[in-house]
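Before anything else, here's the structure in question.
Labels for the chains are A, B, C, D and E, by order of writing; each one numbers its residues from 1.
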Amino acid sequence: MDILTLFIVIPVITMIGIVFCKDHKQVKWAAAIGMGIQLLMAAYLIIHFLMERNAGNTAEMLFVKDVVWFPSLNIHYLVGVDGISVAMIGLTSIVIFAGVFASWEVEELTKEFFISLILLSSGVFGFFISLDLFTLFLFYELAVIPMYLLIGIWGSGPREYSAMKLTLMLMGGSALIMVGLLGLYFHSNPSGGQLTWSILDISKVHIPVDVQKFFFPFLFVGFGVLGALFPFHTWSPDGHASAPTAVSMLHAGVLMKLGGYGCFRVAVFLLPEAAHELGWIFIILTTISVIYGAFGAVWQKDLKYINAYSSVSHCGMVLFAILMFNKTAMDGAILQMISHGIMTALFFALIGMIYGRTHTRYINEMGGLMKVMPFLGVAYVIGGLASLGLPGFSGFVAEMTIFVGAFQNVDTFHRVATIIGVSSIVVTAVYILRVIGILLLGKIKNEHYEHLTDAKWHERLSTGVLIFGITAIGLAPLWLSEMISGGLGPIIQRLLLAGPVH
Amino acid sequence: MLIMRHELLLIAITVILLLIEIFLPHDKKHKIILPAILLMALVTAAGFIPGPTGVLFGGMYGTSALILLMKNILNIGVLIVFIQSVSWLKLDDQKEKISEFFILLLSTLIGMDYMISSGDFLMFYLGLELATIPIATLAAFERYKEKSAEAGVKLIFMSALSSGILLYGLSMIYGTTGTVYFPEVAATFQSTPLQILAFIFFFAGMAFKISLVPFHLWAADVYEGAPINVTSYLSVISKGAAVFIFTIILYTVFAKIALMWRDVIYVIAILTMTMGNLFAMRQRNIKRFLAFSSIAQAGFILLGIIGQSQLGMTTVIYFVLIYIFSNLGAFGVATIISNKTGKESIDDYDGFYRTNPMLSLTMMLALFSLAGIPPIAGFFGKFFLFAAAAKQGLYILVLIAVLNTIVSLYYYLLIIKAMFLNRSDQPIGYFKSDGYTRLGLAICIAGILIIGFASPVYEFILKLSYGIY
Amino acid sequence: MFEGVPLTWFLILATIMFFVGIYGFLVRKNLITILMSLELILNSVNINFVAFNKLLYPEHLEGMFFTVFIIAVAAAEASVAIAIIINIYRRLVNIDVENMKEMKY
Amino acid sequence: MTNNQIMFFIFSAVIVIFSILTVTSRRILRAATFLLFVLVSTAGLYFMLRFNFLAAIQLTLYAGGIVVLIIFSILLTSHVGAKLEQPGLAKVIFSALTALVGAAVAIAAILQYKFPETVIPKERTNIEDIGQALISTGKYGYALPFEVISILLLAAMIGSIIIAKKRKD
Amino acid sequence: MFTYTVWIVLIPFFLFILIGFFGHKFKPLVSGVVGTSGLFASMALSYYTAYQYFFVVGKTGDVFGKIIGYNTVWLKLTEKLHIDLGVLLDPISVMMLIVITTVSFMVHLYSIGYMQGEKGYMRFFSMLSLFSFSMLGLVVATNIFQMYIFWELVGVSSYLLIGFYYTRDTAVAASKKAFIVTRFADLGFLIGILLLSFNTGTFDFLTLTDPNGVAITQGSGIMFLGLSTMTWSMIFIFMGGAGKSAMFPLHIWLPDAMEGPTPVSALIHAATMVVAGVYLVARMFPIFHFSAPVALDVVMCVGAFSSIFAAVIACTQYDIKRVLAYSTMSQIGLMMFALGVSGYGAEEGLGFMASMFHLFTHAFFKALLFLAAGAIIHAVHSNYMNDMGGLRKHLPITHITFLIACLSIAGIPPLAGFFSKDEILAAGHEKSMMLFILGLIISALTAFYMFRLYFSIFWGKQQQYHHTPHEAPKVMTIPLILLALGAVFAGFIPFSSFVTSDGKPFASHIDFAVAIPAVLVGVLGALTAMMFYMKETNIPETISRSLGGFYRAAFRKFYIDEIYLFITKKILFNYVSRPVAWFDRHIVDGSMNGISYVTNEVSTRIKGMQSGQLQQYAWIFVSGAIGLALAFIYLWTL
């Protein structure tokens, strides 16, 4: 079996294994082992990929596997990866691995929890390896729907409301995507002949511009909903606030990236002219996202809300960068996805661990936690610093790449938007430090908290993996950046058709 | 003989069951269940044996590989309904009427088969009536229940009215073309005002069967009042058969005025999806809920019909096939709950997962399939339907449809929420379902899980639908 | 033209009868009277078929046979309807259509 | 004015008037009687059109069978001479409006349509032909519908019995 | 041959990792000793580097060249723009290496004693190492982006160290403030970098600062609001420098930063980090001079104003560390000012040289002042001058070293401060008389507040102390003495033969027309302070009362803090964030919820359609059919 298919098969096997587990402990270990293997596989894939590239294999996609599925509709099971997807797979496996350990203490319906979680992850993996729009969409929806149960059953607060809202809004997005995809399919061969769902094939045809302009908003907004595009982001704060730890991690960490990746791989790549002509609307929206999310986070009192708004801001940056139409900015967009993915997963993991101890997420009710739980405190500070774009962590690499890239556009509009976007780094610092100040530092507000314990081994493992991820990228970004920009080549080629690219 | 084998086999087993019924002693009526199911299974299996196709009775009756497939699909559905209704039939109230239930169901199935195979409007009309009138008696089957009687009244009167209107339309079709045979009608039918009127009246009669808005109002009440197995039969088999013949007639007989009927369906599709969803949202009775849900589903089916092409035909059949499994799955669970506890309200489903996980999972799968969630079959069915409409360039319609699927997802999730999320002080207790129920549900689950992935099924249908339009 | 009687006369007669039947269906309260209205509707359709058959397409007997079968179906329908009505009467001692509203919304 | 026209006017007058009376009469038994009149005059129309066989069926099956069935069920369910309730005014208005609009649309459509002119063969329909057609399996043969309608009648019978029969206690 | 210089930077980094991750496995003292010895190694390497650079390699032609000791591509952004990490050696960076490693080593050594028994001892040392690493990385940056990277790291280490006592709310607030204010400034820096790099297509200092290079000769860019892009980018970059160097109006974080442990104040907020802004301007000096003279004027104005502004405030403060903080701000203002008035080229660049010289000497005496202040605070457990007095007998070493530092900063010959300040005044004098007088005023004020501090601590009234104050342990006094030596003798280094604006050495001389007035005003200031504070008198109060509103304003630091608070708390927090949050909840989210509400509402409204009445159903059925027929007969056309 080819290596990419294994990324779907392993979760499935894990799920089946979990079904046959007898008690909680076995379930947890089964999940951990399964996802551990997945992580190793991802590492192997990255190495293998880099070796192939170094060996001079310049094919657009590597490890391609093509099986005809529905011959008449020309639907294929077509998988393959370039540097971008490899990076996203790496991200996913890290986050899901950490997520399993972060949810070590799920007691209620453990089996169901882990099955749903892994089902979600298999959807994500499938999404990232798909080169066929149909399977891509299939996996996309597959990744979205377990969220309902995960939030609804294991969530907290107004979980039912949030779960419903999240699911409906995301499915609303996918409704738009579906229209867009159908449009793409039926225009995938303007000269007549076999229509195709294959991204690679569609990228080689020229779709008439007015058709592109009709479908681009569907696709971009559709994926944008998941990428928390203003004003379709409101599922995010509620959803994250109610979701259990691992789900928030996975959702903010990986699932939201599906949106960015989709915007990038489908909307912009396949409809370049439209993206070029209509881009300004979405640049305005994403610029608003960036600033607005940051300001929104400043006022919040619930840890998860803060992080959710911060995600809006950071993910807004991803979409913003994608629309900048140049290699550097797009490189930055992908880096930002990975960086934000790990970072926000770390945050949510920590928030979950803190919540598990203090039973509140309101920062005003906590304080001085650094003293009682130094490990978690330090990890939180690291996460915070990474989030505000401190050098040495991945966030800096990503943001700087985006800013420098975005600023390479000659026209004033793009550059003004960039400067507005850049200014978010200050607001980010404000809310991050505010949280750290109130939550971790200062005096302990509640004497019950004096007796709380610091992180357990599985929590240390979970956070450790994620911190390793952000620092590894932050300290040595070049290989990743090169890997990604290798994948960007064809996309830039295609964008060149649409207009000037710098 | 062999060309008409579906109908003849069904008539044969109907007669056999009648004979068995006559010779069964009064207190052993339930013994007929097993032979009935076995015979039906036999017929279903026999339906798949390839045989000749062709035209009989001077064009009144015709069959093709595609029509055989439709009949097979209906057979499967009826078989599942048979299996699912066992637990209900064994209840005291129904004990005396078990064989009649089977006979009546079979006779309606015969009617549907004739309807699908009809080559002229007379046979079509007779098949339609044969498929409707006995169901009215089935709806009123639980004759000690007021609701059941009310359902019977509503069904028989509305169906009579609709067939009156349909007949008026048919009379005008006859009057303007001089014939009731499909090919001749197709050759001369045009869109003069009188013919538009005739078509609309005919359409209204069909729309009644498929329960399209605004001809759907009977459906919810009848579904709620009728015994739950009859409801499932009505919402799945009866609707499926009507969809089949409707599609065939539109594609063949009214091919010339396709530009017009497509616009009619455009309007009706939007109305049906939206109204079905809006009403389904607020239902608390599971049967009524499923009634409106199936109205909305009918609206989606129209999208396949409107994509007037080989693709459209295929997707319609494919969707109906999936719909049969999904809806019967949902009804199967509702049936067993209703029969074991008498509870039919969604509010009673709170916390159901914690007491009966397997049934809840089945229900969830079925509902997700109805909602079109991957990777189960419903997703494929719905996606292809929309693809058929998109092929005609009707993207706005597709958009409205997909937005409607969101609303539908909302209310399907409400049930899932009740079962999985809500906690209840007095959940429905654990119960063990009998073998028949399990078998029925297992078939449904298998169908839901496999049909989507199994592209050969789709390709097979596609191959058969070549040239039908 | 049938010996001085144009086709449209028949059709108009049938149409009037049809809509009178519809009117009756919509306003009558007693289920049996509604059933009677239904018979009017079917009857009007029969007139249409017969008139068409005779006046326009006399070569074949399609219209006439259609009418024959409609009559038969009408009989079946009526019998079932009456059976249900009687059943209702046993339950409610009343066959007013406006009482049939237990299920709504 | 030809005989036929006179006959047509008489029949149609009877049909229209008694139709309206059928749906408006407040005495249910009278309504049934009016319905009978309508059906009988329809049979008259058939006779006029020289569909004798059909007219006979109309008289026996419709007038004789269905109306009798209806009258029996009326006697079973209502007091003889009991007056029916008057329907609500709004209902009457809306229904009448619908019916009128419908009739207008239909008649307008009919009048707009140009039916072909045909010469009517004088001879009446031969009963032998009808019999032949009824058992013929070719085109314009009605053996199959005949069989199907028999199944329908059988099913209707079974269904009616099931519903209407009393509970055995 | 300079590849080894990378270890100067990396040693502290590994120390940070070592102490940070494994420090808790050993006794606290171990981390202190390890940190200090590591820094010693780094310092030794720096001196060796300086020796090699200035004396072994020496001049090529007659300039000290720029040598890339080490370089590696860290991140490729575009083909032209790539972020490198490397070591650039030129006179100013070598000088900075010496300053930083020396002061850092002293502070490390001092901290071994000062931090004794503190909770978080090893955390302190690991962060000091982190800071040293960042600061060293900053000064050896080969390109502006590397500088930015380390700039940010410096900021965060400062944040962490200010907030060292994290259970103290004031410390937390101060650290937050420091970070956010400098972050805001860094925003400007970043925008400046973006503009600059876009304009010139490079980050590299060698290319950027070459007077004949493309960046300067071609890259002035388009005009915007009357200034060239180059000017704008330099102004923005200077904004970053101003933030870090606590120039008006971005200075507000500096006094609060004194919440950190005193060694931190000495290292970061006196000697090294705060001069990063000066270093930045010096680093970019050719661009400032050739492409953006307007920006250079801005530098001068900001520097001068900050200097006098801070000096005035310093005269009114009672917290010794705050006085020192304002003094730092004032001195850095002077350095900026000197850069602002400087020209380019050997003698022309007198201001540049003076600025660097002052930076160098200032590092010694200011670090000394802080460390001495630390020793004092250590002894009396208070920061307030009012709680002190007559300490000269209790703390003899501290007293002497403190006095030396005061004399040095006041510009009394032959101490180091005299020489460097003299050059600054000379540079000002060359530019205009007004600036020279301004410099003199600043000098006088400097002498005044320093001696005010000195006298009220060591002389003045005798205080009753809880414990008799006693001299600090040796490990703390040795650094004091060493730094005092520096403060005395550093001025004798012929600075102009090493560090100049274009690398071309020249011989500087003392201009007596400048030096004499300067010394005089210094002495005058000192004497005034002596008069006021040596004995307990009521003169200060009288004067302050007579100054009235001005004094109060100065005492309240001219209300800048309040203005900031107003802007951040009131405007940003209440009038931006809160409405945004509200808008999000109620308008954006509300509209999403509104969709579902409307759907629900419609669903409820239309339920009457399903009335349960058969005839109503029939009516809808019939009228539906008729309606459709009507519509399609009369409306539908094709």
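What we mean here is this: a contact is a pair of C-beta atoms (placed from the backbone, for glycine too) under 8 Å apart; a residue touches a chain by one contact, two chains touch by 3 or more.
Everything numeric in this text was worked out from a predicted model, so none of it was measured.
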Seminar exercise, completed: The chains touching both chain D and chain E are B, C
Problem set entry | Steps in the shortest chain-to-chain touch route ending at chain C and beginning at chain A | 2
For this session: Any chance you could check whether B-E or C-E wins on number of contacting C-beta pairs?
Result: B-E
Exercise. What's the chain with its C-alpha centre farthest out from chain C?
Worked result: E
For this session: Mind having a look at which chain is the central one, using mean CA positions?
Result: A
Exercise. Which chain is most remote from chain A in terms of Cα centres?
Worked result: D
Seminar exercise, completed: Here the gap between chain B and chain D, centre to centre from mean Cα coordinates and rounded to Å, is 31
Seminar exercise, completed: Note: chain D sits from chain C at a C-alpha centroid distance in Å of 6
For this session: Report, in whole Å, the distance between the mean C-alpha point of chain A and the mean C-alpha point of chain E.
Result: 36
For this session: Determine the centre-to-centre distance between chain A and chain B, using the mean Cα coordinates as centres, and give it in whole Å.
Result: 42
For this session: Would you mind listing the residues of chain B that make contact with two or more other chains?
Result: 122, 126, 129, 133, 136-137, 140, 143, 152-154, 157, 161, 165, 175, 193, 196-197, 220-221, 282, 410
Problem set entry | Shared-contact residues (touching 2 or more other chains) in chain C | 11, 18, 21-22, 25-27, 35, 56-57, 60, 62, 65, 69, 73, 76-77, 80, 83-85, 87, 97, 100, 102-105
Seminar exercise, completed: Among all residues of chain D, those touching at least two other chains are 91, 94-95, 98-99, 102, 105-106, 109-110, 115, 140, 142, 145, 149, 152, 156, 159-160, 163
Problem set entry | Pairs of chains, among all present, that meet the touch criterion | A-B, A-E, B-C, B-D, B-E, C-D, C-E, D-E
Problem set entry | Contact footprint of chain C on chain B as seen in their complex | 121-122, 125-126, 129, 133, 136-137, 140, 143, 146-147, 149-154, 156-157, 160-161, 163-165, 167-168, 170-172, 174-175, 178-180, 220-221, 224-225, 282, 288
Exercise. Considering the complex alone, what residue numbers of chain E touch chain D?
Worked result: 615, 619, 622-623, 626, 629-630, 633
For this session: Sort out for me which residues of chain D touch chain B in the complex.
Result: 105-106, 108-110, 112-113, 115, 137-145, 148-149, 151-152, 154-156, 158-160, 162-163, 167-168
Problem set entry | Complex contact set, residues of chain C against chain E | 22, 25-27, 97-98, 100-105
Exercise. Any idea which chain C residues touch chain D in the complex?
Worked result: 1-5, 7-13, 15-24, 26-30, 32-33, 35-37, 39-40, 43, 46-47, 50-51, 54-58, 60-62, 64-65, 67-69, 71-80, 82-87, 89, 95-96
